[in-house]
Structures are given as structure tokens and as C-alpha cells.
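Labels for the chains are A, B, C and D, by order of writing; each one numbers its residues from 1.
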């Protein structure tokens, strides 16, 4: 039987919509199982600096629908040092906290692994990042909201592109991963999608743009920010090839992180919050709770962060076929 | 090798958001493979009454983001008769149409099965219904949009419920299935969810409402329309037990069918549209193209419509734990 | 010079989106002018029962975008009695509160008038109601959000109406006023709008529905809830006249009160919150701050609540011309 | 009595949400009055190049809710020459078109004035621009939608700003006018708003940022694109003054032009479309139909385009008071 009595939760790394739904689920699941629950403010930095407070069921009421994270998030240079982690550990001991739930991405889990190794404290992770770049879960918390935000923005851009017969190059988030670009590209009927995992075939793009001249009045090119070229360069190349085209660039930026979480992200965060706490109670540690084919699965941190940059060719093929 | 040269697509049954994305994908995939493509208006009724027209890539431009179905949908009494189906078949022959893609739910696939049996015509189905009540696919086209519409509406109701300390009973769609109710219930932090698959445990609900008196100022009960009692009866029982509660009922109704499809529904419809046409070209017939764990799978119509009414106890448990 | 040092704010009557923006503006304007500010919970009932607390600038941070009212609202039977009002007055004196800002509708201002009369306390009102049924302001706080919510819902219903060639009768809020119905009717291209201020000309509606048979595939009739007939009766009459039409009814209900306030409602509430506090400091009392032609105007309560039920014939004419 | 029998409508300049509602209103009002109606594609360029077609009531069905303009818009170098305008005039004569309705901004009306002068053709204008920078109307068609789009985006940015304790500099549209910046700044609780009409008081901004250190965790600065400095420069200055602040820049860009028009923009466009056609029938020409204090007013083109860059000090004062 588990001896865990007190659990703390924190959010770390870039914020993502659904983190609040995750915090709520962790707190309430703990209370449901008779535990005492704590929240840590500003990620690992708050752990080092003792920004810890008890949280009851009411403290997470009416937050499931809010973007961002009520616990805030921050980078922590101190937690990267042994001294910092030691202070963090001592703070946990002072509160009698036996275990942690950390919501974040690969940096978060790397920090957690080291903390477990050195201080033997049980930690379970939850995948909270808009990038969907973790193994061990079909989707990360925030990804579905982010792609819907992109789709909504590009739908608006399509309105004005259609009205002016313009070409729009839209840069979306995704430093290492083209997953935001790919799904939003399919959803907005983009004429091409450029992602970091693939080399750009400019010839193919130019041919497609040329072919579309007769039967289309607007064209959208989605570029992931991690693509070698970036939106502005892509736009310049198109202008070179098609001087008569009116080409515009739009960099969507930080709006992609915010907003009310979608239903899918709320359900995902709720399920994984329950799974994180119950995983700890079952004696798990050093694992991320994820959802694979609708079932909760636990994946060791080392494996979760080794997201192989493999393009989903099912999706790239869809873009090619449908952008006729 | 397939001899299919001409394919027609139709939508049938209740409309669902994403049907247009599906139509677009079917038409463009056919053109991509060198076929001639047709659209049938108003479902099987249009097949019987010869409302068929050729469609090119441009005819489906700029519809991916629109709710409803540009081909319209209707019930067809005539297609239920042998004579009706014979006329439908003759119309197809006149146009030289070799195969059909039908987008809809169980009634659509039942009709398709009979049509194949009698007239030996290849048909592939795509799951287009907000109810998510088909086997052979994790999600149906329209479900994700519908639950987001419900969540958006209940978020609004929560605002006014909180301001007035009220209990709201919200009735959502789902005649035979509680899936819309369950996921939207989790996402809106509902205090209870009543679904047709389960008997209502009024004692448990009343206990939960009683317990929440001290730490909550609003309470939301989600009721699927197929539940034995219905929203109004549930509201009356709550009023009986808690005369001092201010209880209101909201029946969400038809807004749940409309609206821009979400990113997930657009991607799903796009992938299945490609799969439907390519399935026909591979010689498939009498099957529904679905997505299971991210992969396209084909399921025979008889099996797809035998959705067993089994409650997802993973989800009901989440409601119970988190509605503290 | 005004001797006012401490002001309290409350919300009363039905909640409306933008009330929070109004509360924020009142609190911050008071602080800007060096006053001490208080919030009263649950309207006049909280005044009677001493639910009063000090509020600083931070207490209203990050609420401008939220629907409902953080101060909550309630009906108060006690405040309708002299004894109740006396207790309310004593509570104010205990806190040293010199003046009140009340946000609500005609009931709110009627109560305020009596309170001023009996206890000689300065009160300024702000028009917070979705119904737009007050004189002395072009628009009330919440009206613009409510009509946009209606428009968004009817746009969704139009999707499904178009797909099925249906007639939809949509009932919207407005017990005494057709203003929500009229503007949302124009905005959604409704074929007819029925409002309490006018007798229904069924002949004209039936003629229009008949005429539309050839060139329209969906028809929307907007009915204000205060209309003599109500949505269900109207639907029955249409069915009687056009048995072959597929007629459906949708009652939008409480979603109309919630949701994020629009830009216009936030600006309106912000301006009137500033005006309310500064009006009190200038020595005003018994008046509602409103916006007329873009300028702040103060109107005595008795006049503000005497909204004459006069139809805006400019708007009814627009419906008639454009619903061709 | 007017001899006008045939009217054409066009959209010109940057597109704005609500233009389609305006086109629909013009076409249907003409038909209501027994006229024959035409649409011109791609603004004045289509007039020169004879892209003119007849439009009936059905041709504008189901467009009231769509962003952009179904008639498209374009710049026209040819129409700036006398020869171009002569060809435009001849095209009109060929179709027997007696009068024009033009929807756009100051460039549109300047071109119209010249065209009237030279060819004696009646033209009425409608204010279609998101910038709200025309005299003779309280609001232009598209402005309300654009500011709501900005508010929605900044609400999302606020989520992530709050989670990371960041300062965000958000650049919004408005080359000559700070009206988009001002209203969206009030609505999002911005800490400061920088507009082209006013010199930036950096000291005041820095003081406010400094003061907010203790009671705020996020800060938003809204900058109109026409501001002398621009978002990036402003961000650099803040970083210089507050090196420990995490400052980010977001340029909202073209999403501000698109999207479904709000209720207010649809009603405005509908009313002005009726007024434009009826103005022509009454013998008006060379005037813009606008809405002032809820009433239709006609303003000569020369006057409408002389929008004086006068800051609404009512609004700048609100920003100052409420950004405590």
C-alpha cells in the first residue's frame, strides 16, 4: 500500500490551454482519495523559493474553462543546480509533501527525472504543451485548442485573401515539429504546408501555385516556425516566381497559446489528472500519464521526451491530394 | 484493377458539421485519381429523383469551413421501396456512375446495404453524425464540433448560474447515446450527467447536490435527451428535494447540429474522404471508412451500425471524482 | 465640494454580460479619486444582510472579460420592506459608506429611488440588462453581447435549416421588448420577426413564406418571448398553412445571458462606471448614467424606467425589405 | 420622380466584415423597388474591364454572415486615368446602368467624386472600412467586428501573459487612426495605448509599468500601427527601462480584416444598403449614407473623407483611470 498522504502539483514550461483543467483534476482526485493537496506557483522556481500553498476543492472551482495556468509557470535557473533542487526538496519536506505531479513538456520531465534520481521523490508527469511533440500520448494537453485557434485565424485570413485574390504565407508555432502546421493546413485547405521535418520542395510548391491560377482566387501557405526558411523567406521566393501575385505574410504568434480550452483538451486534462494521482497511489513514479487510443498509459520520462521527428505521411499526403 | 471511372457522393440523415469537408475530400480525391465526380442532392431522395450533377475541384472550394451540407440531406420514403431503389439505380446508369460514397449514420448504411445487395453497386460509407454512435471509428464526423458547441453554451449558462446561485438542468442531444452528455459534462464540470445507458441514481445525485451546498454556488446537471426522464422531470425532482434551490431548465436543441466544424472534424472528414474513394478504387464495397487509433480502417456496414450501448465507465468515473 | 469618501457598488436583477467590466470601472475610478471602495454581494439582499467587503484595484483585475457578475445578484423580498431598507441603511453606516452605485434594470432603480427618498443616501445607477429597455441610454450593458449570442446561435440553426429545407421558429428573450428580436432578426436574415409591441400579421407572414418557396431553401422566424403567441403557437400556425413544410422550434433560453462581453459592452460599462462615480462626486443622485450619441448623460430614475414601448419602425422596415 | 431603373454595386479598397451584408441589402432593396440590379467584381477595376453581372435576390442569399466581399475588391490604376474612367462609363451605358452604390473608404469616395464630375452619373457611397476614419457616420462597416477580433486575440494573449508574468506589446491596425487601438485597449484592460494622434509620453508609461509591479502580474500595451514608433521600438524601450521584465511583441496583422461580421456591423450594413438605394431614388448623388445617433444621414463625399484626426479624449481618459 502507498504511504502517500500529501501531493503537490505544478505547471512548468510554456503554458498551454487545458493546464487549469489538469490542475483541477489533480487537486480534486487527491481530495477524493482523502489526501491533502498543494499547489506550487511558478513551476520549479516556486518549489525552490517555497511558493507552495494548500488547495481545496473550491480553490479550483470555475477554472476548467480558463486558458493559461492559475499556478503560473516560469523558467528556473536555480532548479538546474543541485543546490536549487536541494532547497526544493527541503521545502517539500517542510510541508510533508510526499509526491509531485508536474504538468509540462520535455524540459519539465528532464528536470523531474533528475529530481527523482537525487532525492527519491515520486513524480508523475502530465503532457502540457501545445506542440504535441511527446511520445507516450496521442495528443498533448493544449494541442487541440492551439490548432483550432490557428484554424480560426486562417479562416479569417482566407476571407480577406479571397476578396483580394492574394497569396498568404502564415507562420504558425512548432519549433521542432510540424504537427500544428500539418493539421491546421489540412483544416484550412492550405495549398502547401512547410514543416521542419521535411525539406521544402519549392518546385512542387511553385507548380501547384501555377496550376491553381486558373481555378483558385486565394492561396494559403502554412509554414511552421521551425522550418529552415521561415515565413518571410518563403514569401520572397513566391514573389520572385510570381511577380504579379500579391503575397502577404502573417505570423500568428502568441495568440496560439491562449484561449478557452476545447472540449477535447478539457477531457484529456481531466482524465490525465485523475490518472496522475492514482498512478502515484499505485506506486508509480518517473512516468508520464498519457492517452493512447482512448486508454490511459504510463510512459517512462526518458521515453516520453524522445519524440522521434517522423513525419505523419498520412497527413502530408492528404494536403497534397486535397490542395488541387 | 478497378474499373471505376465515375463516382457520386451524397449526404443522408441528420446533417453534421464536417460533412462539407467530407464532400470536398471525396470530390478532390476522385479528380486527383483521374475520375469524373458527381454530387447527389438531398440524399437518397435525390438519387431517386435524379438530382445529380457533375462536380469539379472548384465546386467544393471554400466550403471546408462551413456547417451543414451543400448537397443537402433529406429523408426518402421512396428509396425504402424497391421501385424507388430501381429508379435510383437507373439514374446512376444514365450518368454512367459506377460507385457511390454515402455520408451519414446507421439509416444511411442500412439503405446502402440493401442497394448493394439488389443492384450490385459498390458503395463506401463515411460516418457523418453528431451522435458518435457507430462502431468502426473512434469518432464520427460532427461529434467533436457538437460537443464543443454544447461546452460553449454551458460555459455561458455557468456564468448566469454562478451569478444567481442557481441549479441548471441542461438537456443535450443523444437519443440512444450519452456520449455527447458525458464528454460535455466532464468539460463543463457538471455535478451530474444522466444518460440513456444508465439508470438514474437519484439518491446519489441528491446527496451530491446536498454536499455541494457549502462549497459551490452553481450546479449543472447534464441530461441526454434519450434519458428516460428528460430535463423537465429531473428539474422537478430536484425542486421537490431542495425547495429552496432556484432550478432552471435549458434545452439546447438544434444549435448542436450547426456551426463551423472544428479542426478535428475537418481533418477526420478529409482523411475519410480520401479513404472512401481510394477504398472504392481498391475494390472495397459495403464498408464504412473510419479512423481507429489514428489509422484508417474499413468496417462492414452491418458491423458499423451495431454500436453496442456500452457506457464508457472511464468517463462516468471521471464525472464522479471531479464533481466534488 | 462633495464629502463622499466611501462608495459601495452592487449588481441587481438579471445578470448581464459587462456587469463585471462595470464593477471594475466603479472600483478603480473610486480608487483613482482617492476613495475607499466596497462591494456588496447578491444585490440589495446583501445590503440587508451585511454582505459587504472592501475592494482594491487588484480585486477587480482580470474580470473585464468575464460574463456574469462576481458580486452575484439576487432578488430581495426583505429590501421591499421598510424594515429591510432600514437594516440596509444601518449596515452602510457601520461601514461609513456614503454613496452607492447600483447596476441593473428598472426594478433596481425603483428600489434605489425609494431608498434615497427614505434615507437620503446618494445613489447613481448604471443600466445593466440584456433587454435594452431603459430610457436615457442608447444601449444597456449586455444588450450587444446578447444579440451577438443570438446571432451566433441562429447562424448555426441556419446551417441545419439550409441542409434540410426547414422552417425554424426561434424564440429569443424580451418579455416586454422586441429589441433583441429585431436586431438579431435583421442580422440573421430572418424571414419574419414577431415582437410584443406589434400585432402579428399572420397573413403577411404566410404570404412571405409562400413567396419564398421558389427562391429560398430555409426560413427563420424570430419570436420575442413576450409576443402574445410564443414560438410553439407560431410554429403550429405555419404547419397548418403549409403542411408540407418541416417546421421546428428552438427556444434559445439562458445562453443569452452569459458569455464574454463584446468590445462594445466592455467600453460602455467602463465609461459608465467612470461616469457613475464621478457623477456622485459632482453631487448627483437618483440618476442613471447612460450613453446617448456617444456622450455621457444622466437621467433621473423615474424617467429612465419609463421606456415607452415604441417600435423602431426603421428596423421593422428593414426586415420587411430585406427578407425578400 | 427618379428615372433610375438599373443600379450596380461594387466594393473597393481594403475589405471589411459586413461588406457582404451591405451588398445583400443594396441588391434586395433595389429589387424591392422594382429595379434591375447588377454587381461589379473587383471594384473600379471590374468597372473598367467590364466584370459586371446581373444579380437577383437569391444571388445574395446566405452571405450576410460571411466575412470578406463576394464581389471582391482590388486597386485600379486604370480607373485613375481619364481613359479608364471613360471605359468604365461606356461599360455602364452598355448595361443601361443608371447609378452606382460604392462601398469603401476615402479612396473609394475620391474616385467616385471624380467619376460623377466627369460623367454625370449618380453615385451613393457606403462606409466600408475597419478603420472607422470617416466623418458622417458614427461607425464604419467592419469596425465593430475588427475591434472584437482584436479583443478576442488580446484576451488570449492575456492568458499567456498572466501565466508567465510578461509584458506584451500588441500592434493593431490603424495607419492614421488610433480608434481600433483605443477601444480595444479599454476593453482588454490595457496598461497603455499608443496612437498616431498623440505623442507618446514614455515617462508616464514607464511610471505606470513601475507602479503596476506590485499589484499586477501581466501588462498589455496596445500600439496602433500608425504610431511613430511601432510595436518593436516600444518593446525595446520597455526592455531598456525594465531589464528584468520579460517583454514580447505580437503583431496581429491581417486576421483583423476577416471573420463573421458582428450583429452591429450586419445591422449597420443592412440599414445603409437600404439608405443608399433609396437615396439614389430620391435623387441624391455624391453623398455617403451614414448612421449618426441611430438615424440615417447623408454626407457629401468631400466632407466624409475629411475625418479630422481628433483624439476622443473621453476614451483616452478612460484608459488612464482604469489601468491603475
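Just so we're on the same page, a residue touches a chain if its C-beta (ideal position, glycine included) is under 8 Å from a C-beta of that chain, and two chains touch if they have at least 3 such contacts.
It should be emphasised that the depicted structure is a prediction, and the values quoted were computed from it without experimental measurement.
Shared contact partners of chain A and chain D: not a single chain qualifies. Repeated interface: A-B and one of B-C, C-D or A-D share more than half of their contact pairs by residue number, and that pair is C-D. The geometric centre of chain B is 39 Å away from that of chain D, both derived from CA atoms.
Taking each chain's centre as the average of its CA atoms, chain B and chain C sit 36 Å apart. In this assembly, the C-alpha centroid of chain C lies 28 Å from the C-alpha centroid of chain D.
Shared contact sites, meaning residues of chain B that touch two or more other chains, fall at 155, 158, 162.
If touching chains are joined by edges, the resulting network of the protein chains shown is one closed cycle, each chain touching exactly two neighbours. Against chain B, the residues of chain C that register as touching in their complex are 11, 14-15, 17, 19, 42, 66-69, 72-74, 149, 153, 155-160, 162-165, 168, 217, 248, 250-255, 257-259. The part of chain D that touches chain C in the complex is made up of residues 21, 24-25, 28-29, 31-32, 56-58, 61-62, 64-65, 138, 144, 147-148, 150-151, 155, 158, 162, 183-184, 186-189, 215-216, 260, 262-264, 266-267, 270-271, 274, 292-296, 314-315, 317-318, 321-322, 324.
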